[in-house]
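Contents: one structure, followed by commentary.
Each chain carries a letter (A, B, C and D) given by its place in the written order, and its residues are counted from 1.
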Amino acid sequence: MNENPLPSIIPDKEWKKIQRMLSKRSLWMIHFCTGCGAMEMPPVMTSRYDMERFGIIPMATPRQADLLLVTGYVATKTLKRIVRVYEQMQDPKYVIAFGSCPINGGIYWDSYNIIKRLDKYIPVDMYIAGCMPRPEAIMDAFLKLMKDIDEGKANGWMRYRKYYDQYRRNQMRIFKRWDE
Amino acid sequence: MGVMKPFKALRHLTKHPHTIKYPYQKHTDIEGLELPTERYRGFHSNNLETCIGCQMCSKVCPANAITYVKIENSGKKGLKWRPVIDYGRCCYCGFCTDICPTKSLILTPRYEHISENIDEFKFIPTYQIREKKDKAIHMDEVLFKPEDYVPPKPKEEKS
Amino acid sequence: MKEFELFIGPQHPGITGNFMYHLWVDGDTIVKAEAHPGYLHRGFEKLMERRTWQMNVALIPRICVPEPDVNEAVYAMAVESLMDWDIPERAKYIRTMVLEMARISSHLLTMGGYAGSIGLYTVGQWAVGDRDYLLDLFEQLTGARVYHIFIFPGGVRWDLPDGFLRKLEKVLNYLESRLEFYDKLLFANEVFFRRAPDVGVIPEDKAIEWGVTGPNLRACGYNYDIRKLDPYAAYPDLDFEIPHYPKFGDFEVLGHGCDCYSRMLVRRLEIEQSIKILRQVIKKMPEGPHTLKLPNPLAWKVPAGYAYARVESSKGEYGYFVISDGGKMPYRVHVRGPSYTHGINVTETIAKGLNIADFSQTIFSLDVCAPDIER
Amino acid sequence: MKAEQIFKELGLEFEKLKVKGNTLPRYKAEVKPEKLEEAIIKFKSNGFNHFVALSCIDWIKDEKFELVYHLFSYKEKEDVFLSIFLPRKEPKYKTLRHLFPQIETYEREIHEMFGVEFEGNDRLGEFILEDWDDMPPMRKDFDTVAYAKKKYESVPLIDEGGEKE
């Protein structure tokens, strides 16, 4: 996100601003339903709410996606795939966590297979309360994320780079092996 | 004719759009009633005056979401514990409001709380949540400082 | 010839939910398939042993996300068996109404997903959009869009709101008028005629033995429906037909049954039957109390014993085997989800010889619901 | 053939389960582990050809596992539950997947969740759980709260060092 093609004409700081302004308008979302909150994604994705109005479209490959939606609870087996998908995504990338479960475990607070706080393993830019959140709340979260990106506040991906060792240490407490 | 079939789709252009243009338009049902209705299970609201601090709501909660804080100047005698609800646990089932003996704890049709900060999802529900008609909850209306607590004015009775 | 390994899922648009199939392919043909569940495992059966009888009502809708009401209904029926309760007539009718609405919404979602898997994306846009009107009704009735927590042991939680039946009638009229468009887009479409028949065939003589239930069994030509076989709620009083292969009414019968084509047509015709059932429910809705008086949820004890209850969900037979030891919590609950056999055993067997491109439509037409496999 | 008659022929004692909501009768009988295969074959050949489910129950006080084989007949419209008891220490039984193919999946799950060994089933092993490091989780003496606390809540928060960009 830092390569400035025209360093002499536009200063670096201004260039970043332009980049952020443009990237908030075309957030592509990875098509990965990790939990039950994905049930409210069809109304958001299709004709009833139609998130394409905001430039958000579902994308099948992680390489071309900017937005990872963690829809609900995260089982340990899924967490490994989420981390893999997250690491395959290109910077800048953003994470939205849906519902109660990624915040503090939700109704599965005593389950042996559900992680309790998502931000211990990957950085999260936005949380939505609800079980499950209404489509309106999801749309508002998208709008708020776009605003945050414009203001340069949504920088979870920078945090992940900076504290990579800590994130990886936490992840490896859950996984027994990483390379299979 | 198979050739003409695609052009038949043109008549859909004149139809009323199905999409809710969300930030500008409200969600309505088939008869035009605005949703959510009063029955919707959104965030809690607790009238701290009538709450007696019996702690029944935490015993019936399937998600173990309810803890308590002590309120010193609650303005009356009796139990001083008031529920704190962790929205990182709550599943909005409404069992706590069903069992509440004084019906001070209720669920409101307000449903929206979006934040970047994970610590903002645990708070004391107050009666202000009930009063406002907005769909979103803001931290300034739920942040509760016991020393600033002012009991609500009693409603005027119809004579 | 060299075999290649192919992983479909868990992050893949051609799969129903968070689920994975490991395929061995030879060219374009699948040689072997292996299902890998567990991405949504939450340990429900363990959690239910730790919660009281009432708390479980809030927990179980999450077992099958597209159609949560069947869980509540079947759990309630199992608990009523142990408690020896007869529920009021009105509660029976409200339950029937909720279950049929859930069936329509689940079938619409399946139809949209299936059409997407053969490249007709418009159906998905329309079906999910129309399903939203049903969710609006659910919201007014139960207070939530997806997890309703509405059917309690002993009845239902609340009575109907004002004007609900009138609104339901309107939504039904709207849905009925929309069915014609679905027919044009999907069920009378050349793509569907060419791709679906004789694909993903379950052998007819093995279907029952493999544990195939629900619409998938009826697509094999068996006239079995739990609503008729083992009636529950208000179904004995209602008049409806069971669409099955080859009784497809106005639709053409292509293929030899047990395939994607007949599975989807059975679902399409079931929507019509559900609308018919709901119309009768509107007409016959009795007056009276909507629930029995429930015991205090904190001191609710259920007599010891075994109980099994089953309902017909949109995916097949949904059963709960509940065991109580007389305490405040269930001793053990075993959930028999219909996708457990459809998603793992049946798919692994019938995938052999399929084209890779047809694999996705096969699992969509079987209506595999990942969360009820691993619970 | 009706289930009562088959039970009589096999010399088994049965009880009727309480049914409310549904209407069909359900019969439950206890079978000796070595007689089970014979009984299931007998039921299968007499119309009980729908295998509904295989459930496992951990009776920790009696030091026993109960395996319940559940069969249904579309023809006779009757449910049959055949249960066997296995010792809780080193529970072992033979696989019955040649009778109904979906028994294999149930056996895989029960092996993982309860630790019951099924001889002859070569697909036992990691099925639903991944990287599991404790006793089988569905056993009654497995404490899920303690496990969750130990595994998930002890993970430290990301220490941002007091600086935020």
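We adopt the following convention: a residue touches a chain if its C-beta (ideal position, glycine included) is under 8 Å from a C-beta of that chain, and two chains touch if they have at least 3 such contacts.
This one's a predicted model, so the numbers in the text were calculated from it and none came from an experiment.
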item	value
Third chains touching both chain B and chain A	C
Distance-maximising chain from chain B - centres being C-alpha averages	D
Distance from chain D to chain B - Cα centre to Cα centre, in angstrom	42
Distance between chain centroids, defined by C-alpha means - chain A, chain C (Å)	31
In chain A, residues with contacts to at least two other chains	47-48, 77, 105, 107, 109-114, 117, 119, 131, 134
Of all residues in chain D, the ones touching two or more other chains	129-130, 137, 142, 144-145
Chain B residues counted as touching two or more neighbouring chains	18, 27, 36, 62-63, 91-92
Contact graph of the chains (line, ring, star, complete, other)	other
Contact footprint of chain A on chain B as seen in their complex	18-23, 27, 36, 43, 62-64, 86-92, 111-118, 121, 135-136
Contact set on chain D toward chain C in their complex	17-24, 26, 28, 49-53, 55-58, 68, 70, 74, 77, 79, 81, 100-102, 104-105, 113, 127-130, 137-138, 140, 142, 144-145
Chain A-touching residues of chain C, taken from the complex the two chains share	10-13, 17-18, 38-43, 46-47, 50, 58-59, 62, 65-66, 109, 112, 124-126, 128-129, 131-132, 135, 145-147, 371
Chain C residues within the chain D interface of the complex	37-38, 41, 43, 45-47, 49-50, 76-78, 80-86, 208-211, 213, 222, 224, 229-233, 305-310, 317, 319, 321, 323, 331-332, 334, 336, 340-341, 344-345, 349, 374
Chain A - residues contacting chain C, complex	30-36, 38-40, 42-43, 45-48, 58, 60, 62, 73, 75, 77-78, 81, 85, 107-108, 110-114, 131-132, 134
